[in-house]
Each structure stands twice: as C-alpha cells, then as structure tokens.
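In what follows, structures are represented as structure tokens.
Consider the two complexes below, in which chain A is the common component and chain B and chain C are the respective partners.
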Partner chain A sequence: MNEKYVKAVRRYHRNLTFALGVILLIFILIPLFVKSPYILNIFILVFYMSTLSMAWNLLGGMTGQNSLGHAAYMGLGAYVSCMLITKAHINPWLSALLCMVVVGLVAGVIFFPCFILRGPYFTLVSIAFGEALRQFIINSTFFGRASGIGLPFKKGNSFLDVRFTSKVPYYYIGFVMLILVYLFMKKIERSRMGYALRTIREDEDAAAAIGINPIRYKVMAVVVSAMVAALVGFFYASYTRYIDPELMVQAKSTESVLPAVVGGAAYVEGPLVGGLIMIPLSEFLRAKYSAILPGINMLLYAIALLAVIRFRPTGILGWYMGSKVKNFVDTVILKKPPVEWFEAVEQERSGRKEA
Partner chain B sequence: MDIFLQACVNGLLMGGFYSLMGMGQNVIFGVMKIVNFCHGEMLMVGMYLTYVLSTTFSLDPYLCVPLVAIIMFFLGALIQHTLITPSLGTKSFTNLLFLTVGLGLLLSNGALVLFGSEYRTIPTSYQQTFISLGPVNIALPRLISFCVLIVITIVLFAFLKYTTTGKQIRAVSQNPVGAEVVGINTKRIYILTYGIGTALAGIAGALLTGFYTIFPTAGASFGFRALIVVVVGGLGSIPGAFFAGIFLGLLETMVALFVSPSYSDLIVFITFIVILVVRQLIILRRK
Partner chain C sequence: MMEKTPIIEVQHITKRFKGLTAVKDVSFTIREGGITGMIGPNGAGKSTTFNMICGYYPPTEGKIFFRGQDITNKKAHEYTNMKIARTFQIMKPLKNLSVLENVVASCYFGHAAAKNNREARERAMEILQFTGLYEKRHVLSKDMGTPDQKRLEMARALATKPELLFLDENMAGLNPAETEDAIRLIREINASGVTIFLIEHIMKAVVSLCEEVIVLHHGEKIAEGTPEQVMNDPYVMEVYLGKKEAPHAQSN
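For the complex of A and B:
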C-alpha cells in the first residue's frame, strides 16, 4: 500500500516540475517567435514591475509595513548606478552591486528611527521620504537636477556594458532577474526571517514577547526590499538609458504596489500573477486609447484594484487558492494525491531516517 | 520688512487651505482610524465640480460653494456606504489603505478621461483686484476664501462641540464599542463622518478655484499636506488642525523667502519626518 502512496506523490512532484518547466520554456522561447519590439517591451515591463512589486511585497505583504515609497528606492538605485557609470566609469554590472549596497544602507539608516512608528504613520514616512528624495534630486546639480541624466550611447552591443541595440538580451536579463528575485523571496519566506516577519505582521507585541526583535527584523526587511528595488532601478536605467526625477513620483510607487495587491499580497507569487495580468492589459489600453482618452489605463487599474479589494480581499491568488479551478488543476492536470498520502510518505521517510 | 510681511500674509492665506483639508482628514482619521489617501483627489473633484457648475449655469465660483459641499457630502456618503464600510469589517489596514489609494487613482484618472489634462481656470471680474493693507497687498479672491474658511472652521467646531450629532461623532471617535453600547448607530456616524470629510475637501477645492488652476492632479500636494496637518495638529483636534495648517503655510513661505522657493517642499517633508519621529519618541517616553 505504501508503495502506491510513494509512487503517486512522486508522480505529482514530477508533474509539477514538468508544468513549471513548460512555463519556463515558453518564456525562454518567446523572443524566438515574437519579433515585435512593442510586445517584447511589454514583457520586459512585466518582468521589472513584477520584481519591484515583489520587493514591495516583502515589506508590505509579508511584514505588514505598507510602504508607498518604493519608486524612490528604485529611482535612487537607478541614479546611483548611473552616477557610478558616467562619473566614476565603473563597469555597469559592478555598479549594480554597489548601488544595491548604497540604497540598502540609505534605507536602513533612514528607516532605523522610523520603525518605532506603526501602521499609517509608517506609510506617511515612506511617502515623505520618497518625495523628499525626489525634491533633493531636483535641486541637486550633481544629480542633473530635473533634466535627468543619460547613459552614454555607443555603437554596437556589449554584454559587459549592458548595452544592446535589440530588446531580446534585455528580455533575458529581466527574466533572469525576476526568477532570481522570486527564488530569493521564496527562500526568505521559508526561512527563520520569513516566520519572524509574518509574526510581526500579525501582532508586533506578541512577536516581541516571544523573543523576536521587531525593529531588527523590520530593518532587515526594509534593507532587503530596498536593495531589490535598487536592482530594478539599475535594470531600468540600463534598459531605457535615460533617467529623470519623474521616476520617483508618488504615482510610480502606487503603480509598483498594484500588482501585489491585485495578485494577492499574502503570497510570494502574488506580484507575478498580478503583474502578468494587469500590465499587459494596461499597456494594451494605453496603446489603443491613450490618444483619445488619456488616463484610461490607470482608470482600469483603479477599478481593478477597487473591485479586488471590495469583492476578493485576498487578491486573485487568494481567490484561486480556495476555488474550484485550483481543485481541477490539482486533481485532473497535476494528479495531486490526497493530503493523507503525503503525510504517510512523510512519516515513512522520517521513520526511515530515525532507523 | 515689507516682503517679510507680505510673505507672512501669503503663508497665512495658503495655510488656511491646509487647515481646511487637515480638518476633513482629521474628522475621518479620528473616527474611523483610516488614513484617507484620496483626500487631495476629493479637493480636485470639488474644483472640477465648481468649474462645471459655474460654466454651465454661469454662477460665481463662490456661490457654488454650498452646492459643491452638498454634492460632495453625498458622494462621500455613497463611497463610505458602498466601499469603505464593507471593508472596515475585514479589519485589514492594508486593504483599507489601498482602497482609498485606489479611489484616488480612480478620481484623478477619471478627471483626466473626462476633462483631459488641460489647465483650466474660472475667470472672474475681481480676479486681479488687490486690497492694500498698509504695505501688504492681498488678492481679493484669496481674502474672500480665507474669510469663508474661518467661518467654516468655527461652524465645524461648534457642530462637533454642541450638537447631538457632533457629540455622537466624538463619542465614536473615542470608543466605537462604547458608543454602540449606548445606542449610537456607528454605521450612520461613519457615513456622516466621511461625508463631512469629503464635503470639507470639496469646499476647499471650490474656494481654491478663485485663484488656482484646475487640473487632474491639482489635489495631490494638498492631500499630503492635509496628512501633515493631522499628524502635527493632533488627532481629533479641530483647533490643532487649524493652527497646524497655518504653521505649515507659514513654514513654506518662510523657507521660500529665506532659503529658496525650490527647497520649500524638501524642507516641509523633512520637517514632517522629524516631527513624526520626535512625537513618537515622546509618546514612548511617557509610557
């Protein structure tokens, strides 16, 4: 009997790996078949906005600290990497690492005192911080004031300089960035830190009572989150090759939150799902109607956000988790065995280890 | 010295608007403990409403104020009843926050879709009229607006202090469960509160149209300043919000005068962060 359980569980895992492999393969093969730079641009947008949203989700979804200033970290990352490339002539890849360190430090130092603030007050500080940073850059001659700075244009492609004439390499770099950040976030979710962060989200005082230092973990979360946002900033700067303070406006921060909230902020995959659905839809509307009705794409965003919060407060993924669709996918496509079978196999395994 | 006095007066007049916005935000935040992130957009809606009313019925913008207040009150009540009250039950601060953020997006982009991104103004015959008080010149629309603001502040203060409904609102803000126990219909109070909050934002918008351009993101800076006013002036305090708004207006003009106009936003935001942190430290120390 046990043999049957083990086989079923193994088959399920194999099916799951296969399904994920197929999805991965589809994304790898897309640039071979899709030649339109416009479509590729939308995919690249999905990749980096979802990554930014995942960065937000670590702080907002997992820790419960609703930041509305993530565009500022992204913008700061973009600025630091651009300054390093244009003024210090550092290799762009190295500048990516350095800008993550710098932005992480800045976020950690600035938010260290701010973490005594809770709930709405933290959100207010994050907005004020983002706006202050934007105003600082607008007023700073070193950072090119309101006119922004551009990366040098040269002929030809260069992997070392992250400079390509075609969108395909950016597609792959963006995709790799997304996958790496996703795996990293998944790792955090299952680590000691992930449990600590979720405990803080549920009840900060209780967390402190059982020996979790809330300030320490919150600072860790904000530093990691800001570092990932800085990485996105670096990618954005190398992709568009021109940045200006408009990158940090409040609306951009809100935009970075939407995929996570629509997709389901309680899940690491939430931003991916939300981004994959919302961004192409918004871009399509922008392309189709922006000449006649400007703002229609953001209007749709707003309506989707309100509808999700009002009717499905746990997001698309939260709805999927308890829906019949998931049941169908699990039992018919992936052939998931009942939970007891998993438990039996698990017990068998631990029993064997003890023996 | 003359420039200094002029700057003081300008700061005072602008601060009045921050006060009015802050009071609306304060009533909402005090009663429901939610930050209304679409407060600035409500001001923008008030501006467009005034624009539509005054152009279609060729009314003076100041005569539109009561109409705008009534329409905005019902808009706020509708939003509270259909969107916010059901979500209040989930007790999820994240959802409530993004609900108001989403409403803000909806309103500002809705205005963009309906009216386009052009800057609009409502021309009046007294737009360029100035009144001289000694060395200080005051634009007439600003002065009228400020006087109306003062009247509304007093009315609101009296309403919350002396009327039964006002007392009920204060009771709910202090202890919603206790208020429910003594027979106050908290849902009704929530609807009333949100309506009053949006009506105040709408009034501020209507008063602004006399000397300010109307565009879909006009409310953003006022919205954030309203939050500053709430935090600085103290929760639930109408006089506190009034003086905090005036202080903010004066701070802005003083920075613009003595440092540089382009730094005024930067300094306002940094002051805000410092005040928030210091305030929290004092609260923690007291505990």
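For the complex of A and C:
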C-alpha cells in the first residue's frame, strides 16, 4: 500500500520537474530564435518588472502592507550603484551588493517609525518617500539633477563590467535574477518569517498572541523588499546605461503593483503570471496607440486593475486554483495524487529518520 | 510551611477607557497547576481583566506578577516566550490560511519554536489530532463554523507549548455535546500539567472544571471561592443572576 503512495508521489514530482524543465528550456532557447531587439526588450522588461513586482508582493501580498514606493527603492538602487561605478570606480557586481545594503538600511530607518503606528501610515510615507527622493535628486548637482547620469560607454562586451552591446546577455542575466528572486521568495514563504508575515497580514493581535513581534517582522519585510527592488535598479541601470529621476515617478511604483495584483497577490507566483501577461500587453498598446492616443496603455492598465479588483480580487491564480483547468492539469497532465498520499509519504520519511 | 508562589498574582488592577471604568481595583491569584474560572454578567469586565493579564493592554493602575516577576508592562508578543498562551473571545483565525497552516504558524514561535518546516508541520499534526481538527486540516479557517473555530483558537494557543493557558469563553456557542468534548479536552490539557484560567458563561462547565472561581460585577470582584461557595453567596445570587435562586449548576 505504502509502495503505491511513494511511487505515485515520485511520479508526480517527476512530471512536475519535467514540466518546469520544459518551460525553463523554452525561455533559455528564445534568444536563439528571436532576433528582434524589440521583442527581446519586452522579455527583459517582463523579467525585471516581474522581479520588482515580487519584491512588492513580499510586502503587499504576504504582509498586507501596501507600498507605493517601489519605484523609489529601485531608483535609489540604480543611483547608488551608478554613483559607485562612475565616481568610486567600483566593480558593477560589487556595486549591486552595496546598493542593496544601502537601500535596505535606508528603508529600514525610514519605515521603522511608521510601523510603530498602526494604520495606513506606511502607504502614505512610501508615497512621500518616493517623491521626496525624486525632488532631492532633481535638485542635487552631485546626482546629475534632472538630466540624470550615464554609465560609461566603451567598446566591446565585458561580463565583469556588465556591459554588452547585444540584448541577449541582459536577457539571460535578467532571467537568472528572476529565477533566483523567485526561489528566494519561495524559501521565505515556507520559513518562520513567511508564516510571521502572513499571520500579521491576517491579524496583528493574533500574531502578537503567538509570539510574533509585528513591528520587527514588518521592518524585516520592508528591508528585504527594498533590497530586491534595489537589485532590480542595478539591473535596469546596467541595461539602459542611463538613469534619470523619472525612474522614481509615482506611476512607476503603480506599475510594480499591477503584475502582482493581476496575477494573484496571495501567491509567490502571482507577479510572474501577471507580469507575463500585463507587461507585453502594455508594451503592445504603447507601441500601437501611443502616437494616436498618448497614455492609452496607462488607461487600459487602470481598467485592467479595476476589473481584477472588482471581479477577481484574488487575481488570475486565485481563479486558477479553484478552476477546472487546474483540476485538469493536476490529474491528467501531472498525475497529482491526493494530498493524503503526500502526507503518508512525508510521515513515513520522518519516521524512518527517527528510527 | 509557606504556600507556593501563585503562578499569577494580580494586585489592585484598574482599567479606565476614557470615561468608563471597566475594571476597578481587582486583586486575585491563580494557583499553579489548577483550573481557575472567572464568571460575571455581560460587560462585567472579564475580558478586560484577561486582556490586561495577557499584555494586550496595560492596566491603568495596579500590578501583575508571573511567578513573582512583575510583568505589568510586558508586550503581548513576549508572552509565549514566558510559556503563557491565550485565546480570543472574538475568534481571530488566520482566515485565508488552512487550518494546518494556522497551527504551523504557532509552532514556529514561542519558547519551544520549531526549527524548520518539517518539525513545525509534524508538531502541528499532533496538535490537530489532539484537538480533533485533523480531518479539517486542509479547510480554509474562514470556511469553518464557530465550534471548529473555537477549537482552532485553542489549537493555536497549545501549539506554542504553554504552561499557563488563558481561555476566553472558549465554549460559547457550542451545543451540549460539543461542550462535553470541550470540557474533556480542557481537563486533558490540565492533566498534562498546564495551568488554566478560563472565562465562561456556561455554569455547568465552570462547576465541573474549576476549583476556584472569581466573580466580577460592574468591574469589581464581588466573590471568590469554590464554585459551591460562590454560587451560594447571596450577593452573587442576587446580582449575577438577577433573581433569588441558585444557578442551574446541579442540572448535570
């Protein structure tokens, strides 16, 4: 009897690995067949915007703290890394690490006081933070004022300097960043921190009653989230080779929210699903209609957001989880055994470990 | 011989909400290892007293001691590390998480926090078996009825491995059979060495469980003693029941 469970569970894991492998392979192979820089650019955009949205989702989805300042963390990350590269001549990879540390610290110091008060203060301060930072940079000669700063253009490619003439290396770097951040978020979700954040989202009093310090965990979440956003900022700067304060406008922060909300903010995968759909759509609309009707993509973005919130507040994944499609995928394609079988196997394993 | 230090000693606590004095100069002790009950009519200040002891808010005046240590100003989140756990009268399930995840979350915290996901899940499974929620482990907690949500409150508190457990009307809304189950469960928890303090309206439960009962009325302690003594107290009979006859305690 137990043999049967073990076999079924193993087969399911094999099918799942295979399915994920195929998807991974498709993404790895795309640059070999797609040569258009325009299309590659859209993929790169999907990768880094979805990563930014995953950063947002750690706060907005898992912790229930709505941030509207993620463009600012990303922008600050981009600026810090550019300054380190151009003024201090630090290696770009190292600058990525340093800018994450700096932005994490800044976010921690700014938002710690907001969490002592309960309520919407965090959201308000996150908006104010972005705007204040933007104004500061526009007025600072050191940061290049409104005209921004560029990274040095040199001939040739250099992995060490994260400088490439083709879009293909950026495609792969962006893809690896997306996967790593996804795995990291997945790890958080199952960890003590993930349970703390979700408990806080559901009820702060209940969280405190089981021994969670809500302030401490909310600060942790904002620091980690801002660090990931800073990483995206570093990637963006290395890719576009030029940054300006427009990077931090409020609309950009909203753009980082959409993939998560449309995809399903309760799921770590939400930003991936939402990003894969919303970002190409937005780009397509921008390319097609922006000459005729400027801002049409933002308008449609807004409509999409309102529609999701009105009709599917749990997002695409929220719908999928209870749908026949999932049932079909699970039973017919992946051959997923009932959950009790997994538990039986799990129990068996832990029993053997103790013996 | 000197008597053992009580596990909890409450000294002259008062709680004022703006103009309203919800609890007025209340003192009592909780004996280690026993089951102590608190009764009183609606709005008597029971939950307020309970919330002060559990660090949900501090008393306006007075002091609270845990095994002789002053814990008056401890924060709510520090309690599970002192091996004290509580439930809420108005249940606070983690609505969008499954029953299992609700309990796993608790296993990750407190003085005996699980070190990894496997340990947390294993311990959660044990608690679910013990509290009779095992069959419902994959149900979202918001989709359960009151009796199961009450059980979940208890399961989440137990998952932090307390030595002192506070239960606020954990049997309200249960039918007689479910009440019997709950009584049995509480006895079992107590037998495993957990001191219990409970607020209850169901007299039958109080009489069959508690050795000590404290009666509150309009924020003041009006009586304490064995259930027997308390219920034969003429003042309790008068104000608590509003009529001059004993509560239906003997009806079990």
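Operating definition for what follows: the second predicted complex is superposed on the first by the 349 of 355 C-alpha atoms of A that agree within 3 Å, B and C clash if a C-alpha of one lies under 4 Å from a C-alpha of the other, contacts with A are read in each partner's own complex, and residues count from 1 in each chain.
Criterion: contacts are C-beta pairs under 8 Å (C-beta built on N, C-alpha and C of every residue); 3 or more make two chains touch, one makes a residue touch a chain.
Fair warning: this is a prediction, and the values are worked out from it, not measured in the lab.
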First (chain B), second (chain C), both or neither touched by A:98: neither
Partner chain(s) touched by A:195 [first = chain B, second = chain C, both, neither]: second
Which superposed partner A:123 touches (first chain B, second chain C, both, neither): first
Partner chain(s) touched by A:296 [first = chain B, second = chain C, both, neither]: first
More chain A residues in contact - chain B or chain C: B
Partner chain(s) touched by A:90 [first = chain B, second = chain C, both, neither]: neither
First, second, both or neither for A:9, with chain B first and chain C second: neither
Chain B versus chain C as contact partner of A:281, first or second or both or neither: neither
Contacts of A:66 with chain B and chain C, given as first, second, both or neither: first
Contact residues common to both interfaces of chain A (with chain B and with chain C): none
Chain A-facing residues of chain C, complex: 54, 56, 75-81, 85-86, 88, 92-97, 101, 104-106, 108-110, 113, 117-118, 120-122, 138, 156-157, 159-160
Residue ranges of chain B in contact with chain A within the complex: 29, 34-35, 83, 86-87, 90, 92-95, 97-99, 101-103, 105-106, 108-110, 112-113, 116-117, 216, 220, 224, 227, 231, 260, 262-263, 265-266, 269-270, 272-273, 276-277, 280-281, 284
Complex contact set, residues of chain A against chain B: 60-61, 64, 66, 68, 113-114, 116-117, 119-121, 123-125, 127-129, 131-132, 135-136, 138-139, 250, 254, 257, 261, 265, 293-296, 298-299, 301-303, 305-306, 309-310, 313
Residues of chain A defined as touching chain C within the complex: 190-192, 195-196, 198-199, 202-203, 205-214, 266, 339, 346, 350
